[in-house]
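Both of the next two complexes hold chain A, though its partner changes from chain B to chain C.
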Partner chain A sequence: MLIQVSWRNIWRSRTRSLVVLTAITLGIMAGVFSTAFMKGMMDKRVETAIHTELSHIQIHDSLFRKTAELRYYMPGADVLARKIDTLPHVEGVTQRIIVQSMISSAETGAGVKIMGIRPDDEKKVTDIAQQMVEGKYFEGIKRNPVVIGQKLAHKLNVRVRSKVVITLQDMDNNLTAGAFRVAGIYKTSNTAYDESNVFVRYEDLARLTDLPAGACHEIAIRVDNDLNTVSVQQRIKKTTGSLEVMSWKEISPELSYITVVMDQYMYIFILIILLALLFGIINTMLMVILERHKEIGMLLAIGMSRTRIFLMIIIETVLLSLTGGITGIILGTLISKYFEYHYINLSMFGKGLEQLGFSSLVNTSIDPEMVVSVTIMVIFTGIIAAIYPALKAIKYDPAEALRIE
Partner chain B sequence: MNITVIAWRNIWRNKRRTLITTASIFFGVIFAAVMSSMQEGSYSKMIDNVVKFYSGYLQIHQEDYWENKTINNTFVLTDTLLQKVHQSKEIIGISPRLESFALASSDQLTKGAVVIGIDPERENKITNTEKWIVRGRYIHHGDKGVIMGNELAGYLHLDVGDTLVLLGMGYHGVNAAGKYSITGIFKNPLPQFNKSFVYMDLNLAQDLYSAPNRITSLVLMVKDHYHMPPAKKALKSFIRSPYRLMSWDEMEPELVQMIASDRMGGKFMKAILYIVIAFGILGTVIMMFSERKRELGVMVSIGMQKTLLAGILFMETFYIGLLGVTTGILATIPITTWFYHHPIRIAGEAAKAFLDMGIEPVFAFSLMPPVFYNQALTVFILIIIITIYPVVKTFRLDISNALRT
Partner chain C sequence: MNIIEIKDLVKIYDSTEIEVTAVNHINLNFEKGEFSAVVGPSGSGKTTFLNLLGGLDRPTAGHIMIDGIDLWSLKSRQITDFRLHNIGFVFQSYNLLPVLTAKENVEFIMHLQGWPKAEREKRARELLKAVGLGDRINSRPNKLSGGQQQRVAVARALASKPKFILADEPTANLDSHSTENLLDIMEKLNREEGITFIFSTHDARVVKKAHRVITLEDGKVLSDEKK
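Let's look at the complex of A and B:
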């Protein structure tokens, strides 16, 4: 019954209530949208990192990542790779020879990471084959094809079919070089990646480096769903002995860290908005009890307990805040749902965003958990705002209140 | 009748309400000002890190060099060019460089590196490279040794005193090859420089690349990035074909966009905050108006001009805004000044995430005046918009109804 009375009380002063409600709605709407926006950006970054750069799981010789030396290869890697391919939840396994070295064109050179891969396997693990902007993914060039990123292509001033030279140190530490032709140029939403990663065929690089057959430096695995990553990783660990088996979170903890931080950052933003709203709500409710001084005095005189008066004020404030809050959440969710399917185009900041690895096309992403948290925060804001006015209300002396003309 | 005094007294008629409204503005101003200070401070630091260590504020190249960064697009530094440069008084330092690419090798390992031939003394005045030396010592004019980034040295397993082999392509296709002793190792806050840079005396570099007297760029320094535009303007008229003058924002568009996108995000957040606060002020103004309806009706009916009345109401709102802004800025100044002298250093996982993006893990603060007066400006504009309500209502005031309240 108290709730009905409180609700009707809110609308006794329509303009004033509408002002506060609009403020809460706008603030919460903006908060929900911003959170969905940031989450969308972060989710995409992680997705790109996993599907294009890191994959879910990587296996190396235990010394390879620290030293990056050619001699720390995994012998018999192809046997291991084929065994892993049969495991449940594994969508693709690829083996890579990795060399840090130089690629040069007629104009200039650049330091890059060169990966010798088997295109058919690699396609099942990364999506670079779908991000070609020129040429094809290892088709069209018969001898020594190479696939490079667009930023690198610009730097070297080369196009498809251009000749480049890859210079590297082989297994015996001799400097050797090979001529390659650009078969295709790719572009991901991470220009730093595009600039430093080059792909050639496994056989061609094995020949240049003199690596023994069946060996490689890195096995990369794609899992059907990120939730299965850890279980697949555990299964693999049982059969790999001293090899290092890492999930993407272990290889790049900063990546999952950014996501967590952004989440916290957004909650703080919403808290700050609620804090700003707090002042407005307190002022409004103070005005409310002042207006109803006589009324409250009368209620007290006819026997309404002070506790109930206190509760009445609190419920009224919480109802006010909730109405605004829920409207804000609904509107914010609707807008975010729209942008879940339509991109927000930030290409004017494209270069800057892509340098950090963020795509310039953003989709928003709503988390039901977030909606619940925001609602709870709004309720708490209402309660905290109500305390001061409610305390004042119950201190009213009924005899004095009734005496006012 | 002094409307300023009357308006001032009016706002204190309900002390509590005025104080709460002022508090909301106070809070909003502090938050927005501290956030702006942190943003601008961080941007300046990001720009400084890249500009002071690498690009300089302005550079002069051979006109084709930027699109085609090959050793063949070098030029000779002539006295006439130097004279033209000194025409602008904003230029406080210059440093010639010969920059190119090479394969850096130790016994076991090879990596791509950027070789920069410098005039050690002049370069140090601009980039302070000497202070980043962690082992060994900085090079001097005539030195036959090199200094390199700590991550590059680490990768190649080299230290001070070891030999570094450099292989590249020189001027007009001549092979470039040389062996150098490592004189020193440096560690800059930004990892991208530590991973690939090798510095040597300019003459040594010109020898290596068979490019006697030639340089790729002339780096020009001014006091800070606010002084760059006038310098650029002054020089633009003198520097023509076959030379080209570029400013840091043209050379580092990614950085410019990163900053622009972050600034825009910040503007959005501050906008939401101020809108919420504005509604709070509006609520107070509505309350102030409606409770004085009778009083205003009386004043108008005994002959007060409505314009004068509107003026008083405007001043009241203005005072509340003024109070909030003044107290807010006064409170912000000690906070930002403290952090200006003691920037917040980030550590751990967070630091790694920053470094991953090529940004120094520190929150610097700015004390530039716009950080503060922008808040005052915003609040003032909001006040003017909010005043529309009481002013319109005053002019529409129906005296007979008002008197009957």
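Let's look at the complex of A and C:
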């Protein structure tokens, strides 16, 4: 009956309650949507990083990642790669020769990372082949084809079929160069990546560097689901001896932290919204108990305990907060759900975002755990907001309250 | 048999500038089944006297014994609980909960006492029927006249099965017809069910119906007449 009384009390002053409810609804809706938006952005960044740049697991000679020197290759890597390809949950394995080198066009040059890949294997691991904006992925050029990023192409002022020269040090530290022709130009959502990563065929780069047959610097592995990354990593580790087997989280820890950190930021953001709402709710409830001074006095007089009156105010405030909160959560979730399937186009900020590695087309991503957390936070806000007005209400003197005309 | 014994009751309002003695050494007893009116001009101490008797205001000195229990020796929480189970209140301005219907208003006090839902619903219906509002049980106070609201308040006061009912100027806001109607109902409840009523009033119609009239002046008992 106390809940019934509290609920009906909310609607006594319909306009005032609706104003507070609207404020809570809008605040929570904005909080839920912003969180889903940021999470969608982060998820996309991580997904892009895994599917375009990192893959789930990488294997290197333990010194290669530190020095990036050509001589720290993995001999017989092709045998290992074939073996890994048979493991459960593995969707693709690719071998890469990696050399830091110089690429030059007729006009200018740039320092880049050259990756010698087997295109068919690479397609199973990364999605560069699907991000071609000009030309084709290692097609159309028979001899020494090269695939470069759009940003680099602009920098070098080259187009498809343009000639570029790659200069590098071979295994004997001799400076060597090879002429390549642009077969395709790709564009990812990360312009920094596009500017510094160049793909050539494995055989062409092996020939240029004199690397032994079957050797490479990096084996990149894609698994069917990120949840299986660790188990596959553990299985690979058992067979690779001294080689370094790392998951994407270990290779790029900042990327795995970004989601966690962003989650924390979003909770702080929602807390700030709730804090602002808290004072609005306190103000409303103070007005409520002031208006009902006489009524509270009557309740005390007829024998309603102060604990029950305290509880009644708490329930009323929590119901008020929860009604606005739940409406806000539902609206925020519905809007976020819509944008899960429809892009939010941020192309007006595209340049800046892409320099940071973020796509300018964002889909939201709702985290059910966050929805539950926000609901709990709203309930707590209601309780905290109610405490001061409720304490004030139970201090009323019934005899004095009943004298009010 | 006395259900209320008042011994040397004093209430002094002590503001910083003026000290007002609202109740001045009152000694009175009330028996079960009395239909008494406390009368006197404004400021004579009627409301203060009733507030002390109802455990709403703490006396400066003296004792109020209700069924042998010294009311003001109880702790604050116990007094609230004592009021809930032993004293019924009818206020001048009805003081019903506007968000509840007539039946729910009557039920509310039984809910506080912990009655099961079915029983309190049954009793609420019976009581509202007894005060002539059997057909208005689902009306909210704003849909009832002043007289009807006060009858709901009487039903509410009776609902908790109190030892006595304190009514502070219950007819002050009512027209003559409603006053007559309310008094008839209260008199009938007193006569047939032995409910003890103590009113404060300066309404001649109430005084006329009362079986005992206690007149206060300046906080003192001026006269105590039984009819």
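As a working rule, the second predicted complex is superposed on the first by the 405 of 405 C-alpha atoms of A that agree within 3 Å, B and C clash if a C-alpha of one lies under 4 Å from a C-alpha of the other, contacts with A are read in each partner's own complex, and residues count from 1 in each chain.
Throughout what follows, contacts are C-beta pairs under 8 Å (C-beta built on N, C-alpha and C of every residue); 3 or more make two chains touch, one makes a residue touch a chain.
What you see is a predicted model, and the numbers here were worked out from it, not measured in a lab.
Visitor: Applying the document's definition of touch, where does A:136 land relative to chain B and chain C: first, second, both, or neither?
Guide: In the superposed model, A:136 contacts neither chain B nor chain C.
Visitor: So, does A:207 touch the first partner chain B, the second partner chain C, both, or neither?
Guide: A:207 sits against neither chain B nor chain C.
Visitor: Given the touch rule stated above, what does A:287 touch, chain B (first), chain C (second), both, or neither?
Guide: In the superposition, A:287 touches chain B alone.
Visitor: Under the stated touch criterion, which partner chain does A:235 make contact with: chain B (first), chain C (second), both, or neither?
Guide: neither
Visitor: Using the touch definition from the top, say if A:19 reaches chain B (first), chain C (second), both or neither.
Guide: Only chain B; A:19 stays clear of chain C.
Visitor: Of chain B and chain C, which one contacts the greater number of residues in chain A?
Guide: On the superposition, B touches more of the residues of chain A.
Visitor: So, A:301: does it touch chain B (first), chain C (second), both, or neither?
Guide: The second partner, chain C, only.
Visitor: After lining up the shared chain so the two structures overlap, which partner does A:124 touch, if you call chain B first and chain C second: first, second, both or neither?
Guide: Neither chain B nor chain C is touched by A:124.
Visitor: With touch defined as at the start, can you tell me which chain A residues reach chain C in the complex?
Guide: 1-2, 4-5, 8-9, 11-12, 294-295, 298, 300-306, 308, 398-399, 402-403
Visitor: Hey, which residues of chain B end up touching chain A in the complex?
Guide: 16-17, 20-21, 23-24, 27-28, 31, 68-71, 100-103, 105, 107-114, 155, 167-169, 196, 253-261, 264, 268-269, 272-273, 275-277, 279-280, 282-284, 286-287, 349-350, 352-353, 356-358
Visitor: Note which residues of chain A are touching chain B in the complex, please.
Guide: It comes out as residues 15-16, 19-20, 22-23, 26-27, 30-31, 34, 68-69, 100-102, 104, 107-112, 155, 157, 167-169, 173, 175, 191-192, 253-254, 257-258, 261, 269, 272-273, 275-277, 279-280, 282-284, 286-287, 346, 348-357.
Visitor: Can you tell me which positions in chain C touch chain A when the two form their complex?
Guide: Touch residues, chain C against chain A: 47, 51, 54, 56-57, 77, 80-85, 87, 89, 91, 95, 97-100, 104, 107-109, 111-112, 156, 160.
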